[in-house]
Amino acid sequence: MNHLRDWQKDSLWALLALLLLLALPLTSPSRVVVDFIIRLCAMGLLATSLNMLVGYGGMVSFGHAMFFGSGAYVFALMLQKASVSVPVALLTAMLACALLAAVIGAICVRLKGIYFSFLTLAFQMLLHSIIITWTSMTGGDQGLTGGIPRPVFWGIDLSQTQHMYVFCCVLAVGGLLAMRLLMQSPFGYTLRMLRDNEDRAAYLGVHVWRVRLYAFVLAGVFAGLGGVVMSLFVSGAFPDFSYWTMSGEAVFMIMMGGIHVFIGPLVGAGLLQIFNDTVTRFTPYHGLALGVVILLFTLGFQRGVTDVFRLFRKSSAAAGKESL
Amino acid sequence: MELTALLECLGSVSCIVTQSSTGLIIGALLFLVAAGLTLIFGVLGVINFAHGSFYMLGAYIALTAYRLTDSYALAALAAGVGVGVFAWLFERFFMRRVYQSDVLLQLLVCYAFILILDDVVKIVWGAEFQSMGMPPAFQMPPLFIGGGVVPVFYVYLMSAAGLIAFLLWFTLTRTRIGKIIRAAAQNPSMTSALGLNTRLIYALVFSFGGLLAGLAGGLAAPVRSMSPGMGFSILIESFIVTVIGGMGSVSGALLGAILIGLIRSFGSIGFPLFVEGLMFLSMVLILVFRPSGIMGKAQS
Amino acid sequence: MSKNTSSDRRTLLKLGAIASAGLAAPFVSRAQNKPIRIGMPTILSGRVAMLGQASSNAATLEVEKFNAAGGLNGRKIELVIRDSKGQPQEAARVARELVTSENCEILLDAEASSGAFAVHEVARDLGVLVMHSVSETSSLSADPKVRTPLGFRCARQGIHDAIVGGAYAAQVAKAKNLKRWMTVSPDYAYGRDTTNEFIEYLKFFNPSVEVIGDVWPKLFQADYTESVTRLLQGKPQAIYSALWGGDLTSFIDQASIYGLFKDREFFAVNMADYAVLTAVKNVPNGLHSGNRYLKSFPNTPANTNWCNAYQARFKDLPLNWAWQNAAAVQFLTTAMKKTNSSDGKKMADALRGMSIDSPFGNNGKLTMRADDNTVVDYAVGWGALEPKEPFMAKPSPGNWKQIAELELQWKKRKSFA
Amino acid sequence: MLRIENLNKSFGGVHAIENLSIDFAPGTLSAVIGPNGAGKTTFFNLISGGLQPDSGNILLAGENMVGLSRNAIVHKGIGRAFQVAKLFKSLTVEESLRAALQSALGRAAQMHGNFPLMATRDRAHEVMSQLGLQHKADTVSGNLSHGDQKLLDMALALVLRPKVLLLDEPVAGMGPDERTQMMDTVQQLWRQGGLTIVLIEHDMELVFRVAQRIHVLSYGKLLAQGTAEEIRHHPKVIEAYLGKAVEHTHE
């Protein structure tokens, strides 16, 4: 019965988080909070899905944002050009990301270490050039403009802020829960085996290439989900979404939040967003400020916030199971 | 796609001459920047993602030095030395502390400096783009060689690139310091066990890599306007060159640079709208079929 | 010189912060005295930071003038300037935040195109008045699918430049018998659109012109060698370029050493902007440009005075983005005075079709065209350049009647109208 | 059980394994010895699929393993422990074993349900108690002592119920007491039956004490094979190997 309890515990936490999120706008009428959380949903999905690869699988992807961008573009295009319903567009976007990730992943996951990173980066830049070049479909460098139509479905009208907020929260919490369950599943532990010692895992009968590919595809799908949320937020899709800067931001989020705790990337995304939103308000030299903060984290702590807490907890508990 | 144009060009000698010389010029400029990046990777095993920013810093230092002295040679020298010193400090106080860490931490430290340097340049030199202008000595009509046109200034830049390539090759393979550097690259613990100061070697190599980036920025300053953030496209270009040529291989960087130069000069005829895409595509193909690059050692 | 402007901006931001602290204080309750807050998302970092700097400078100057003159019945305008870093999602975020948390009633959007579209959608979503002051992309106002009743544009448009430039270049081509043309423009929407439109009107006014090749370097490319040699090989008699800013400067520097401009006419629409004119050290002969902003065009006291005031205040010459933002603020303040309110809908009604006195007008007046909420009648012209003040001695101003006619036909072809 | 026929492998012209044929009978405990560079580890790598032979056959109960991937060979029943323990350093002992088991059950990529699977519990505990690791069940592998790491490494191979267990220097880097203890454990495992064990070892005394049959490699070739007594007196072995080994133990 032990495994059932874990599963239920995670779901209960997710439900609680969702209820809290939904109650939040009631406590403060400010739309800033709502906007903040919608963006956090998008970036949290991106960062957490990247951490499935980096933190759990030991696969350092430099090009993860390509799926974020693909998700945004496919979703927006389906609504704009194919005029399908929102759920169909959502499913198509995730499916497209899965397919793309399967093709690119099949090539990338064969490579190890830094070469895997380079190849993902190269694919991302290639995809970015294609988006820029294929103007008739993507709108090129201007992005997909003109707004995304949001037909009402199941009584949900995404042009209303409240509906949109609830929708994004449900997508994000659902996505995060799904990733959590995946990472706690047998598959999740196989992934940890590969991270710790890929060679040994192969000698224990693990089909390394296949498991990595599954992880790559799954991470791509959830990054795409994040892209969908972002495209709803900005009502469009832009080449920047699949640019290296977006991947870089995601990498920084997971490093800032910590890669050894499931919600670390989410915490990192939140912290970076708070930092960014505050600093840009006061100075145009936010690059300088962010640079200093990054140096503080990388050289001072050498690890993310949640990892610091985890170490602290571990050292006070002297011993015990790893939380990951 | 304009494949007919490309085929037409390939059928004409003068077009081939011109485009090839164009490719060589682009390649020479690319090599100037990429050499430092690949040298640092080859010896230290770290990727200096701040390399483009070093280039930018070099260009700006050259600009100021040129305005002060009116001498292009002094400007380029100041750029190289200035950035070399900066790189030494950067290595000493920041990079050194993350050599043993995850590549992600190294990436972030460099990223932090990309952000910081962009803002510093903006504070010191302003947000508007700046231009140094061609020194009067090079304001002369271009040379006509074998049906192709080659500006005098580029002849000079190409010789500089060739000289640097030769000096690097000579130093690394024919001198004692080169032997020590190669030993430090292959087996750092053995090198320090032999009583050599690995740390100093690393600092020197990093600083020299920075010097090359700064020098490149200074050398190219007369024909490239500068603005904060200009380092990024330079980083991407030299990164592609380095990966294609083989991370850590100086001769690979030279080959990669020329290859990219040719891809750009001929690609701009055949695929005018997808030249950059072609560069990434070639990087993908190299990584898929020969991950360690043209001249790199095979993946273990 | 830029040091001064940035410290000015810092003071400005500080003032903004103090003012917002004052706003939060409880004793400010009387609605009449509540300042009118205008949110201004723009680009203050990265490669086009000078765009944001010129825009915010000019807007600040106009707002100061308005406030000094008593504001709107004592209500002053507060400009809240935010950096979007040139990222569309950040532009959307900043724009939303300006409205929802900074209580801005109006958005003055000084974003480049993709950011402008993102801000446009935010304004549509939140129902606030937005004045685009930088984006030159026609579809922002021309495409009825994109247009909103509360969205306006106070910026030049590529199509206008193309018609005027086409007419001017056709004349030069006739006079000098220039038949073989090539183009070199940055490979992105603005570069492609303006180039195609220019060529279209060049051929319209002079059918004997033949375009024998086109070259598309990347935006912010460092090395233009392959573009230059492609142009050399084509042996055109004239070259058109939509390159701008630092890219144009680099291109000219690199092309000069190849002797590309020798015995050739070069038409660069974005050349006559002080940033480029002052940066290019060796301006070649045979250079023609559209006006971006010139102190001497229109050659009126109002324009010269405005330029002098700007230069005195910021120790820098105004750029194209500067006049557009100044005019944008002029439109907004005039609409406020006319409706005696800062209500977006009322102001929008007033703005539609409104004409204002402005130094930047063709005949001293600027008009916000009613059909598509976009500015017309601004000073637009082309002319041959020389390396020193006044740079363009004999500009040929565009004919707005002709522009309007041709623009309408163009919109019909694009099924925008 | 495991038959090696005419196995060859060379690296850039150097013969690491040359025309090697050995038959490991079912249920035996055999040892492969040889000086450094004799090709012992290469031999194991060839059997377990880490390297592909240039020619020759590796037959497990008559079935040829050549050309199969590492994971396929594991599924056929050849388990392997390493000279330097290869562990999953962030997983606990029990988690490691259960993760290994789930992959043997073909459920490595199962995405539903929680880890660890119930189906893996009993076997994991069985192996832990066989090897005396039960009180370390919740210790993170990376924090284990050297000896325990070697045990866990062996346990990882053992937990999959291999037919043939390859042990690469099971006592490397251990103190004298630990060595004896480890060898006792190996012997116990073997006595429980059903398992064909092949070990590589440097420590001659241990090998002569436990191994039924000993195969001596030198420069990739089979020099001699036989019982401990036969090997001890084999002239070629004494000449080529034992001298060095004696020196080695005196160091």
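Each chain carries a letter (A, B, C and D) given by its place in the written order, and its residues are counted from 1.
Rule of thumb we're sticking to: a residue touches a chain if its C-beta (ideal position, glycine included) is under 8 Å from a C-beta of that chain, and two chains touch if they have at least 3 such contacts.
For clarity, every value in this text was computed on a predicted model and none was experimentally measured.
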{"item": "Required minimum of steps from subunit C to subunit D, each step between chains that touch", "value": "2"}
{"item": "Comparison of B-C and A-C by number of C-beta pairs in contact, larger one", "value": "B-C"}
{"item": "Maximum centroid distance from subunit C, chain identifier (CA atoms)", "value": "D"}
{"item": "Chain centre separation (subunit A, subunit C; CA means) in Å", "value": "37"}
{"item": "Centroid distance [mean C-alpha coordinates] between subunit B and subunit A, Å", "value": "33"}
{"item": "Separation of subunit A from subunit D, taking each centre as the mean of its C-alpha atoms, in whole Å", "value": "42"}
{"item": "Touching two or more other chains - residue numbers and ranges from subunit D", "value": "none"}
{"item": "Where subunit C touches two or more other chains, by residue", "value": "6, 44-45, 49, 187"}
{"item": "For subunit A, residues contacting two or more additional chains", "value": "285, 287"}
{"item": "Pairwise chain contacts, counting only pairs that touch as defined", "value": "A-B, A-C, A-D, B-C"}
{"item": "Touch list for subunit B against partner subunit C, complex", "value": "15, 18-19, 21-23, 25-26, 29, 118-119, 122-123, 125-134, 138-139, 141-142, 148-149, 151-154, 220, 222-230, 233-234, 237, 264-265, 268-269, 272-273, 275-276"}
{"item": "Parts of subunit C lying in touch with subunit A, wherever the complex brings them together", "value": "6, 9-10, 13, 17, 44-45, 49, 52, 82-83, 85, 87-89, 92-94, 96-97, 100-101, 113-114, 117-118, 120-122, 124-125, 137, 139, 143, 145-146, 187-189, 192, 219"}
{"item": "Interface residues, subunit B side, partner subunit A - complex", "value": "47, 94, 97-98, 101-105, 107-109, 111-116, 118-120, 122-123, 236, 243, 247, 273-274, 276-277, 280-281, 283-284, 287-288, 291-292, 299"}
{"item": "Footprint of subunit B on subunit A - complex, ascending", "value": "54, 60, 107, 111-112, 114-115, 117-119, 122-123, 125-126, 129-130, 133, 248, 251-252, 255, 285, 287-288, 290-292, 294-295, 297-299, 302"}
{"item": "Subunit A residues within the subunit D interface of the complex", "value": "2-4, 6-7, 181-182, 184-190, 192-193, 195-197, 199-208, 210-211, 214, 319-322, 324"}
